[in-house]
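First the structure, then my questions, so here it is.
Note that the chains are named A, B, C and D in the order they appear, and that numbering of residues resets to 1 at the start of each chain.
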C-alpha cells in the first residue's frame, strides 16, 4: 500500500534511507530448494557499484550484504529471506546545505509536500541508493530463473546521444558503460567527459533482453506482462519512458509492418517484443527505458528554499554525470522480479 | 492475482468476454456520499462508442449500463458498485473461421498457451470490448475527481503519422478522431481512408493531461505515480510505449535542459510531466501512449492454425482501421483510476 | 481493502444490497478446465433457501443464478466468473418503520457511524442475504475441491441448546435443521417452537468437517490455515466464536492430553483439528462456529432513533427464530473458499 | 501471499528463524510524524521476556532491538520502519536430537510436508520466538493508537484451570502470570508447579480489552473487525479458539438475552463485545483466546522419525510449562495491529 513492496507471489519489500544506519530487502514467496548464499547476491551488488568511469562518482560503497534468514544449509526454505546492507560512507553533514532547499529534478519538494517531513540527507528514501536493495532481490530472482533456464540481460543502448550499433553481449561487463559495443563505449567516454567539463549531465537508453521465457506468462487485462514491466522499469527513479518491442515506433507503422507473421518455425519477426495481449509468446522479450540526465549538476539553477524564497543551486563534487550505467543492473533486477513473479503466478492455474 | 483488478483502495475488477452474455465491473472502495446515477456512466460509455468515422466500424453496441448496487437514493453508500452491460450484438458464428487459427498480433496464441482453452469468439477476454468496463469505472472515478476539482482529459495527439499542432481542447469531442486540432483531423481522415483502401491499419499517439492534481500523490519506490500510470496505460491492449513529460526525449537532453527550475511562482517548465521522484508536484501531469496499428487487416498475412500447420489470413469486413480514437476514453479512464486511487491512498497518512 | 473480497488467488468479491436490484459475486483466479454450469451453483443456493421449518421464514427467494462470464462450452476458462442473482421479493416499503431507527444487535448504528449514510432496507449490505453470493462462490470452489477429492461438509451441531449426539452424515440434508442426528432434530423443532411462541430467538453451533485435505496447506505466521478459517467463519454475520479441533477445551487440558501422538499409521488422535503450526497435517480439519440468536425479536426492546431519542422496538412477522440452519451452507462455503485458496497458494512453491 | 505479512495499510512483515542470525520486522504504512525511538519498542519486548516464574524458562534473550530506518530526528517519516533483533543465545547443536524427528503438537511434520525442507533448530520459523517481531511491530502501532487515545490491554484470564475473578488492571504487570487477580496468581503458581513436577504442561485463556475505539472501524462482509481480530489472534501459534464478547456462550442465549439494548446514554450491556455487523460500535472491544498447553513435555510420547519409523520423545530441560504469559503481549500486539490498520482504512472513506 505504501509503495515499498513489489510483486504478488515473489514479493519484494525494500527499506532504508540513503544515510540511515542500513538498508535492506525482504524477499517473501521464494520457492524452497534453491541454492543461495551471500556471494550470489554480492556478485550482483558489485556489478552495480560505480566503476572507474567519468560517468560515475568515486564514493566508496562496499555494500557488503548479510543474508539473515530464509536459508538453511545453503538452500532456501520457503520462508522470508532478509538481506541487510549497512551504510558505511554516510557523511550526513555534507548535506546540511540542502537541508532547507528543494533541488530541481529531485524529490525534495514532493516528499515534503507528501509527508510534511523528510530525511533530506542524500535524498533519504528517494536516493538511488535504495536500488541496491532491488539489485539484491534481483539476484535471488536470478537463482529461480536460472533453474528455469530464463536469462535476463540489460545493457546501455544509448548514452549521451551515442548509440550502440553492435550487440556483442560478451563485452557488456568489460566496459564501464555496460554497453555491448566497445566502439560506442569509446565515444561515450569522450562525450561524457565533455559534458562533465561543462558542469552538466547526460541521459540515455537502457535495453533489457529476456531469453528463454516460456509462452503463457502474464495475466489478462490489468496485470499484462508488458504493463507490469512498464511499472517495474518506470519505478526506477530517472526513467521517463518505457517501450516494449518496437515501442514508440509502433505509432507510425502500418498493421502489415507491425504484425509478426507466424510460421510453423515460429514468429517471423519480433516487433511485439515477445508479448501478445499481455502474455509472453515464447519469443525474446525486449524492454527499453529512457533515462533522464542526473538532476544534480554544477551549472547554476534557480530554485527555492523550504519557505519558497528564491535562491540558486550549483552542485559541486562527486556526482555522477549519468545514471545510465548504474541503472543497467537495476533494470535487469526489476525485469527479473517481474518474470519470477509471473512464473510463479502461472503455477496457480494448475 | 489473476489480473482483472486494478487499484489498491479505489479497486476496480472487470469481467466478461466479447461474446459472452454480458460484461461488467465492480468498483469497491468508492467513498460514500458521491451523487451517482446510470446517466453519469452512460455518458462516458457513449463517448467510447465508434462514431461515424473511417477509422472505426459500424458495429452497433448500445452498451446500455445497469447500476445494480452501491448507491441509495442517488448517492454512493461506500459499498461495492456493480455495473452491468449486456452484450447485444454477439454474432458468434462469424468467428467460426478463426476458431482454429492464431491471428497475427492477437492474443489467440498466447491465451491458448496460457490456459489450454480459449473463448475464441471476438477475442474473448482479450477483446477491446473489455475496455467498456474500464470506461464505466472511470466515470465513477470522475465523480470523485470532480469533487476534488481534478480534471483528466485525453485526446489523439497523432494518428497515422499526422500530428496535432493546435491544442484546442474544446474541439476534441467535435471530431471523430478526438484530436484537439481540426486541421489535423482533416488530414487524419484523408490518411486513414488511404490506408483503409490499401487494406491496412494505422497507429498513433494518445496524450492525457491531468489538471488540478495536488502535490503529494504517489508512493515512493515501487508505486510511484508515474510507474502506476505506466502500468495503467500499458495495460490497454494496443499500447507499446508510455512516456511521462518529455518522455523518450529525456535520453538526449542535458541535465540543464531537462530539470525544471523552481521559482516562488512555481516550476518554470514542466519537462518532468508533473511528477518528481514518483510523487505529483502540483503541476500538470502529462502522459503519452503509443498505440500500434490494429492487428486485423485485409492484407494477407502468414499464420498457423492450432495444429501449427501454415496458412494465411485476410480479415475482411467491419474492422477498425485504427484503435486510437477508441483508446482515447480508455486512457482517460485508466489515468482517472490511478489518480483516484492515489488520492485515497494519500488519506491513509493522516 | 473495502472488505468485499476474500482470498488471495481464488479471489471472491461479493456485491449487492438486500433490497437493491440484484446481488452477485465475481470469482477470479479459478483454474481453467473445470466443468461448470448454472445448475452446479443453483443446487447449492437451493440448499441455502429456507425450508419448511419453524426456525426460518417463508420469504420467497427463488435466487435464480445467472452465469455471465468465465466459462466457454461448459468449462471454466481461467477468466473471471461473474454470477448474478436478481432480487425479486424486495418490498422496500415494509422497511420504512426502521428507516430512522437503530435495531439492537443489527448493523444499523455502526453502518450509519461508518459511512454517514445507509441503505436501511432489509439491512442493506449487512443483510444475511449477502451470503447467497458466498454460497454461489462456494459452489465453484466445490468443483475445484471435487477434482482434488477434498470434501467439505457443514452441519448443525447444536441448536437452541439441543446438541446432536449422532454423526449420521447422510441425514443432514433430510431434516430442516441440517443436523446429523434425527432425534436431536425432533428436540430442536420442539425447542424452537417454544422460543418462537415466546417471541424470542435462538443460537447454536455449526461444525464443519474437511476430509481428504492434503498435508501442507496453510502459510506460516499470519496466514495460518486456522487463522484464515477463523476469519472466514467469523466474517459470517452472527458468529461470535470460532474453534479449531478441541477449541476452547484446549485451555483446560494438559499437554499430554492435548498433543496428538504420531505412529507410522498416522496421528493417534485429532485434538489439533487437522492443523499443526498453521499447516494442514493430512488429518480431518474440524472447525466450529458459535452462532448468536437472531437479533430481530418480537419481544419489546429499548433502542434509540437516528436522533438518539429513546424508543422501543418489537419486530413482528416473518423473521427466522434461528439463523443456524441457514448459516450451515454459508460456513461450508467459506471453508471451501479457504481450502481452495490455500490449495492454489501451495502451487506457488513449485 | 506467503503469509508473513499482516495488515492492509499498517502493513507488518516479519522474518527470521529461531536459530538464524537475526529476526526482524518491517512496518510499512505507518503515518509520518509519530515520535518513535528504540526505547519505545524495547519496553514492549522486555515485557514479552520470560520473568522469574515457574511457567517459563530461564533462556536468556536480551532481545535488543535496532531501529534501522523510517525515522528521522526521532520521528516517523512515512517510509518503512525496519527493526532488527540479533539472535544471541542460539545453541543449534542441542537441537540435533530432533533433527530427524517430528515432535507431537509441533510444526515439524507439517513444515516438512509443505516445503520438503525445514530449519529444525528450535522450530525454525514456527518458533514462538517469531512473536518478538510481532510485539516490536505492536509497539509502533501503540504509538499511533496512543495519539488517538485508544488503549489495548491484554491479560491472563485463566491459567491451568485457575480463573481470574478480579479485574485489577494495575496489578497485571506486577505478577509473572500477567493476570489482573493476585489471588488467582498465587493459585496459578501452585498449579503450574504441580504440573511442572508431573512433567506436563498447561493452557489457559488470554483476554484483550480495547478502550476508546471510535465507532465505525471495520469493513463490511469479509474484513469485519471481529473477523480480522479472529484471524490475528488465531495466527498465534498455540491459540485454538477465539471469542468476541459473549463468545461461545452466545450459542445458548436467547435473543432477548444476547442483544444489547440502546438508550440515549449508550448500549445498556456489551454482549456484542463492541462490534455490530463487523463494525466497532464505540463500546469496549473484548476478545478472548484459548491457548493450548505447550507441546514440548517431559512425559514420554509416541512419535515417528522423518522416515516414519516409530520412536518416542521426552523433552527435558528448559521448556515453558505454559505459553500463556508470553502470549499475553503477543495478543495485545496483534489486536493493536488490527485496530491501527482499520483506523487507517477508515481514513480512505474521506
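General observations
We adopt the following convention: contacts are C-beta pairs under 8 Å (C-beta built on N, C-alpha and C of every residue); 3 or more make two chains touch, one makes a residue touch a chain.
Quick caveat, the model's predicted, so the values are computed rather than measured.
Counted as hops between touching chains, the shortest connection from chain B to chain D is 1.
The chain pair with more C-beta contacts between its two chains, of A-B and A-C, is A-B. Mean C-alpha positions place chain A and chain D at a centre distance of 39 Å.
Chain A and chain B have Cα centroids separated by 27 Å.
Taking each chain's centre as the average of its CA atoms, chain A and chain C sit 46 Å apart. Shared interface positions of chain B, i.e. residues touching 2 or more other chains, are given as 1-2, 4-5, 8-9, 14, 29, 32, 78-79, 114-115, 125, 220, 345, 348-349. Only residues 1-2, 4-5, 8-9, 11, 13-17, 20-24, 26, 28-29, 32-33, 66, 68-70, 72, 75, 77-82, 84, 114-119, 124-125 of chain C touch chain B when the two sit together in their complex.
On the chain D side of its complex with chain B, the touching residues are 9, 29, 31-32, 78-79, 220, 344-345, 347-350.
Against chain B, in their complex, chain A makes its touches with residues 1-6, 8-9, 14, 102, 104-107, 109-111, 113-115, 125-126, 130, 158, 161, 195, 198, 200-205, 215-224, 226-235, 237, 240-264, 268, 272-273, 275-282, 290-297, 299, 301-304, 308-310, 345-346, 348-349.
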